[in-house]
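Labels run A, B, C and D following the written order; every chain starts at residue 1.
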Amino acid sequence: MTPSLLYAFAGVALCGIGLFGFLRLQHLLRKLMAFNLIGSGVFLVMVGLAQRNGQPDPVPQALVLTGIVVAIAATALAVVLIRRYYHLSGQTTLAEPAAKSARPKARSVNREGAPE
Amino acid sequence: MTLWLMAGLLFTPLAWAVLTLMVDFRKGRLVTWLGMAVQVLVSLGLWAAVASDGGFLYLLGGWQAPLGIELRVDGLAVTFVLLTALVAAACGWHASIYLDPGKPWHRYFWPLFWFLWAGLNAVWLGGDLFNLYVGLELISLAAVGLVALGGQADALRAAIRYLMAALLGSLAYLLGVALIYGQFGTLSLAGVTELMNSGDAQSGQTFPLVLMLLGLALKTALFPMHGWLPPAHGIAKSPVSALLSALVVKASFYIAARLWLDLGGELGGFALAQLIGVLGSLAIIWGSWLAFRQTKLKQVVAYSSVAQIGYLFLLFPLTWGVTEAISLQAQQGITLQVISHALAKAAMFLAAGNLIMSVGSNRVDALAGVSRFLPFSLFSFGLAGVSLMGLPPTGGFAAKWLLLQASLASGQWWWLAVLLAGGLLSAAYVFRVYRASFIESTDTDQFYHPSRSLEVIPMILALMSLGLGLVAEPVLSVMSLPFEGGGQ
Amino acid sequence: MSRFLGITVLAAVCLVFAGALMITVWQIAGTQAPVDLPGLLADNLEASGVEHPITAVLLNFRSYDTLLEIGVLVIAGIAGISMANTASLEDPELRTSDSLLYALQRWFVPLMLVLAGYLLWAGSDRPGGAFQAGAVLAASGVMMRLGGIPMEFLRPGVLLRLGLALGFSVFLLVAVVSAMAGDAFLAYPDAFTKPLILIIETVLTFSIAMVLLALFVSAPVNGAEEPEEGESG
Amino acid sequence: MTLSVLMPVFALMTSLLASVILFALPEKGYRLRTIINLAAAILKIALVGVMIWGVAHGREYEAAFTMVPGVEFVLRADALSMLFAGLSALLWLLTTIYAVGYLEDSPNRSRFFGFFSLCVASTMGIALAGNLFTFFLFYEMLTLSTYPLVVHRGTTKALRAGRNYIIYTLTGGAVLLFAIAWLHGLVGDLRFQEGGYFSDVDPSLNGPLTIIFVLMMVGLGVKAALVPFHGWLPQAMVAPAPVSALLHAVAVVKAGAFGIIRVVFEIYGLEAAEAMGLLAGLSVVAALTIIYGSTRALYQVDLKRRLAFSTVSQVSYIVLGLCLFGPLGVIGGLVHLVHQGIMKITLFFCAGNYAETLGVHRIDELDGAGKRMPGTSVAFTLGAFGMIGAPPLAGFITKWTMGAGALEVGMDWVVAVLVISSLLNAAYFLPILHRLWFAEQCEPWPHERRWGRLETSAWLLWPPLITATLMVLAGLLANVPFSPLSWAELIVLREVAL
C-alpha cells in the first residue's frame, strides 16, 4: 500500500459518490458538478494506479491534463446550454413541463387523420 | 502516396472546420462543397489503396506505439471512412440547401459539422485507447452543439440530456482505460491484445472491459439506456439527425466491437455476451414498438434507430466462443448492418425532413394523401424502409441473412426469432407511414415540392442502401483483407 | 416510501460499483505492468525536443491527442458564441461596482499576465505549460470583465473567431507541413522540434484563454430561437 | 457477356426499367405512359418468346454472380420458368391494355403503373430465379410492389385490406426466410435442379427436412392462399379490377404455387418428398382448400368476392396435381398454372367491365346484363364453363389429366374431390350465367356509362375477348407444340425426372 495507491482509492470513492450524485440529483448544475466529481475520481485512479511502484509515470499525468481540458470543455458547453435552457424555459431540471407532455402541441396539428 | 492520403484525410476536416468558422453560412457552404469533394476523393483513394495493397499502421508524429499513437488503417477502417465520407457529404450537401442562411447561428453549423467528421475519422482509424476517448468526446460535443444550434427549450432539453448521457458514457470508458493502462502499462489496443494473447501477462480483469462496454453502450443508446436518443435525434434539424443516427452512434459501437473482438475472447464470458445480446433483442422489440406508437414522423425514425442499433449488439453473442468462420460471418453481417443502416437511416431522415417541409407539419397523419403528389422523398423514405425491414435485395437483408446463418451455425437459434420478429416489427412502423401516404383525403391540396437537389440526395442514399445487398460480397471482401502489421 | 426505496437501491448500486472498482484496483495494484512506458519515455526524451516529460508526451509523443483536445475546446467555444447575443456584450447581472475588486484588479491583472508568461515558459522543463498559462490568462480576463472593463474583441465577430481558432490553426499547420515534407502527420522535422513546440505552446496559450473567456463572456443569451421543423415559428 | 447471359437479365429489366420511367413521368403524360407501357410489354413478350424457342431447342440462359458470401444470385431460364414467364408476359400486355381503359380519368395513374410494372418485374424474377435465395428476393419484392396496388383507392376498406395483406404476406415471408436460411445452413446454397437433392439423403436429416418443408409450405402457402392462410385474398378484392386480375391470375397466388412447385420438384425432388411422406399431408391440405374455397364461393353475393373464393379453390388444383406423384397428375397441375391464369383473368376482366360500365358489383344486379354487354358476357360464360371443366375448354384438359393421373397412382379419392369441386363450381357459376342470359332486367343499372357504339370501352372489351379465345384455343389445340399442355409435358419429361 503506497501513497499513490491511496490516491487511487480516493478516486474510487469519488467515482462512487459522483455516480450517486449524477443519477440522483435533478438540478442540472448539481448533476454537472457530480459529473466533474466522477471525472476527478477517474483522473485520480488513472494517476494513482499507474505510479503504484513509487516511480512517477508522466504518461498518465499527460493524459489527465488532456482529460481535464476535455472535461472543462464539456462542462463549459453544458453550462452554456443549461443557462440558455433556463433562460428560455425557466427550468433547472430536465422534467418535461406537465402541460406539454400530455399532448402534442395543438398548433402543430393541421388535421386530425384517421385514428391508427 | 498513402502517406499523403492519410495526411489529407486527417487534415482536411480540421482545416475546413477552421476555414468555415471564419466565414458566414453562404460562404461556408461554398467552402464546404470544396472540402467535401476533397474529403470524398481522399477517402476513395485511401480505400482503393488499402483494397489493393492491404492495411497498414500509420505512426502519428513518427512515434511507434506504445510511446506514440498508431492509427490502424485496415480494410474495415477505410470502409467506414469511405462510408462516413459518402454519408457526411450527402448530409452536408442537403444541409447546405435545407438550412436557412438567414439565421445567424447557422454559420456555426459548418465548423461543428467538420469537427464531427474529423472525430469520426479519428475513431475509425484509432488504435490507441485514450485517443479513442478524445475522438469520442470530439464527436459528442460537436453532435450536442449541432443538436442545440439555435434551438428552443425542447431542443436544448434534448441536447442537455444527450450531453449528460454522452459524458457519463465517456467517463465510464475512460475509467476502463485507466484500469487497463494500470494493468498493462500501454494504451495501444493492439499492444494490450498481444500481451493478453502471449500469456506473459497475468490474466486481465473483466471489470474494465465491462466498464468500457457499459459506457460505450450508453453512448450507442443500447436498451435500456436509450432514453436520450429519440428526443435528440427527433428534434435536431434533419441533416443533423441523419448524421447522428447514421454515423455518430456507430462510432461508439465500433469501439465496443473492436474491444470485444480483441479482448472479449479472454476477458468476456458466455453470460456477458448473452446478456448484451438479450439487451440488443429487447432494443429491437421495444424500439420498434415505440416507433410504431409515435405521432411525429421524425420520432418514428428516431425510435427506429433504437431498434436498429439493437441488431448491432447481436455481434457480441455471435462472436464469443464460436469458430473462426462463424465469427467472421457474424462480423460481416454486423458490418453490413452498420453500413446499410447508415445509408438507409440517413436517407430516411433527410427524406423525412423534405416531407415535413412539404406538408408543413411533422405529424405522421399529415402525410395523408401525399403519395398522389409523387413526392420523390416518399419513395426515398420507402426504399430506405425496405432496407430497415431487412427485405431483399437491400443491404439490410444481406446483413440479416448473414446473421441468421451465424446464429444457426453457432447453435444460438434463439436469435433467429429476434431477427425475424424484428423485421416484421419494423415493417409495422414503416408501413404505418406508407399507409398514411395512401389515404385519399380531400383536403390535401397543398403540397410544396422542395428543390430537386434536396430530393435527389436521400434518393441516392436509399438506392445505395438498396444496391448494397447486391454488391455485398465485394464490399465485404475489402473489409476482411489481411492486415499487414508492422511499419508503414 | 418509494422515494426512500429508490435512494436505497441507487446507493446500493453505487456501492456495488465502487466495491467492484476497489477490488479491481486492488488486484491490479498487486501486479507488475508488463510494459515499461516510463522507461521508454526516458529513453526517447532526448529526441522529443523538450526536457519535461509531460510536455514531451503532450506535444510530441501524443500530440495528436492534444490536437484533438484543442479541437474539443474550440467546439465548446463555438457552441458558446453561437448562443451569445451578437448585439450587446453588456449583462448587468455580471457587472459589479465593487471598489475593492476594482483596486485588486489594478494589481492583480498585470501580475497574472506575468504569471501566465512564466507558466508558459516553465512548461519545457518544469510543471506548467500552455493550458495552465491559458487558464491564468483567462482568469485575468474574467476579472477585468467583472470589473466592467469592456473588451470589444470578445464581441462575437471575426476577431473573436480568429482568436478562438488561432492556436488550433497553427498547430494544425505545423502538423500538416511536416506531413507535406513526406513524413507522417505531426512529425516535426528534427532541427525545428523545439522552436515549433514553443510556437505551438504560445499560440495555444492565447487561444485557450480566448475560448475560456469567450465562454464566460457569451453569457448574455440571445432570445432568438428556431422552431422545430414543421412548426410555424 | 454473351446473349445467353443477357437474355434473362433483359427480360427482367424491361419491366423494371419501365417502372422507373413510369414513376418519373409526370401525372399528365397519359399518351407517353401508355406507349411506354405497351412497348415494354410487347418487348417482354418478344424476349420471352425467344427464350421459349431457345429452351425448347435445348439452349441455356443463365446469369449469376455472388451476392453475399456463400450465396449466389441466379437468373436462369428453364422449361418450368418459361411456363410461368410466358404466362406473365402475355397477361401483362393484356392487363396493361385493360388497365389503361379501366383507369381512364382516375387519379394517381403514374403511381399505379409504376408499381404495376414493378409487380410484373417481380413476377418475372420469380419465374427466372435459379435458386431459393433469388426466388425469395423477388418473392418479397412482389409483396412490396403489390401493396400500393391493393391500397390504391385509399379508402378505409382498401387500407384495411392492404394491412391484412401485408401482415399475412410478410409473416409468410419471414417463415419462408427462416426455412430457407435453415436449409442453407444445413446443406448450403442450392440451385434448382431436376430431381431435387434429397433422393438419397442421410436419414438423420429427415426430421429437420420435414420441418423445413412444412415451414416452406406455410410461407409459400400464404401467397398461394392455401387454407387456412387464405384470409387476405378475398379482402384484397377492393383493389381495382386489373390489379385483382393480375393478383389472381399471375402475380401473387401463382407466385406461391410456383414456389411450391419449385420446392417440391427441384429442391426436395418428387420422389424424396413422397418418400418422406410430405406429399400426403400437402395433398390433404390442397383438397381441403379446393372444397372449402368452392363452398365459401357459393355464399358470396359480391361478384368479385365469389371469384376470389373461386381462386382459393382453383389454385390448389396446381398443388394437388403435384401431390399426385405421377406424370399425368403433375402435368395436370402444371398446365393448370396457365389455364387457371387465363380463365381467371377473363372472369376478372369481365367483372371489372360490369362494374365499370354498369356499376354492377353484386350478383343479383346482373340480371339481363347479357343483352346489354354481349361481348363481355360471352367471355364470362366461356370462362365460367372453363372453370367448371366443360369440354373442350382449358379447364377440362386440366381436370381430365389430373383425374387420369389420380387413377394412375391409385389415389381414387382425388377423383371424388375433383367431381365434388366441379359440381360446386357449377353451383356457383351457373346461377350467374342464368342471370346474365335468361333473367329480365328489372331495375336500372346502378351507374351506367356509355361509350359510343361499343358495349364498353374498346380498351376494356378486347382483353377479355382475347383471353377467352386463348382459353378456347388452349383446350382445342392442347396437343399442338408450345401449347400449355405440350409444354407441361416437356417440363415433366425434362425436369421432373419421373
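The rule we apply is simple: contacts are C-beta pairs under 8 Å (C-beta built on N, C-alpha and C of every residue); 3 or more make two chains touch, one makes a residue touch a chain.
Every value quoted in this text rests on a predicted model; they were computed, and no experiment measured them.
For subunit C, the chain whose average C-alpha position is most distant is D. The geometric centre of subunit A is 18 Å away from that of subunit C, both derived from CA atoms.
The distance from the centre of subunit C to the centre of subunit D, each centre being the mean of the chain's C-alpha atoms, comes to 71 Å.
In this assembly, the C-alpha centroid of subunit A lies 24 Å from the C-alpha centroid of subunit B. The geometric centre of subunit B is 28 Å away from that of subunit C, both derived from CA atoms. For subunit B, the set of residues that touch two or more other chains comprises 130, 134, 137, 141, 144-145, 148, 152-153, 175, 179, 182, 185, 359-363, 366, 439, 441.
The multi-chain contact residues of subunit C, meaning those touching 2 or more other chains, are 21, 25, 28-29, 33, 37, 41, 62, 65, 69, 72, 75-76, 79, 83, 225, 230-232. The multi-chain contact residues of subunit A, meaning those touching 2 or more other chains, are 8, 15, 45, 49-50, 52, 59, 63, 66, 70, 73-74, 77, 81, 84, 88, 108, 114.
In summary, the structure contains touching chain pairs A-B, A-C, B-C, B-D. If you check the complex, the residues on subunit B that touch subunit C are 3-4, 6-7, 10-11, 14-15, 17-18, 21-22, 58-63, 66-69, 103-105, 108, 111-112, 115, 118-119, 122, 130-131, 134-135, 137-138, 141-142, 144-145, 148-155, 175, 179, 182-186, 191, 195, 200-202, 205, 207-208, 235, 237-238, 297-298, 353, 356-357, 359-363, 366, 488. Of all the residues in subunit D, the ones that touch subunit B in their complex are 23, 27, 66-71, 73, 107-108, 110-111, 136-138, 140-141, 143-144, 147-148, 151-155, 159, 162-163, 166, 170-171, 173-175, 177-178, 181-182, 184-185. On the side of subunit C, the complex with subunit B involves touching residues 20-21, 23-25, 27-29, 31, 33-37, 40-41, 44, 60-65, 67-69, 71-72, 74-76, 78-79, 81-83, 86, 158, 161-162, 164-165, 168-169, 172, 175-176, 179-180, 182-188, 224-232.
The part of subunit B that touches subunit A in the complex is made up of residues 130, 133-134, 137, 140-141, 144-145, 148, 152-153, 156-157, 159-161, 163-164, 167-168, 171, 174-175, 177-179, 181-182, 185, 187, 295-296, 359-366, 368, 432, 436, 439, 441, 443.
Every residue of subunit B that touches subunit D in the complex is listed here, in rising order: 329, 332, 369, 371-372, 374, 379, 386, 389, 391-393, 397-398, 401-402, 404-405, 408-409, 416, 420-421, 423-424, 427, 431, 434-435, 438-441, 469-473, 476.
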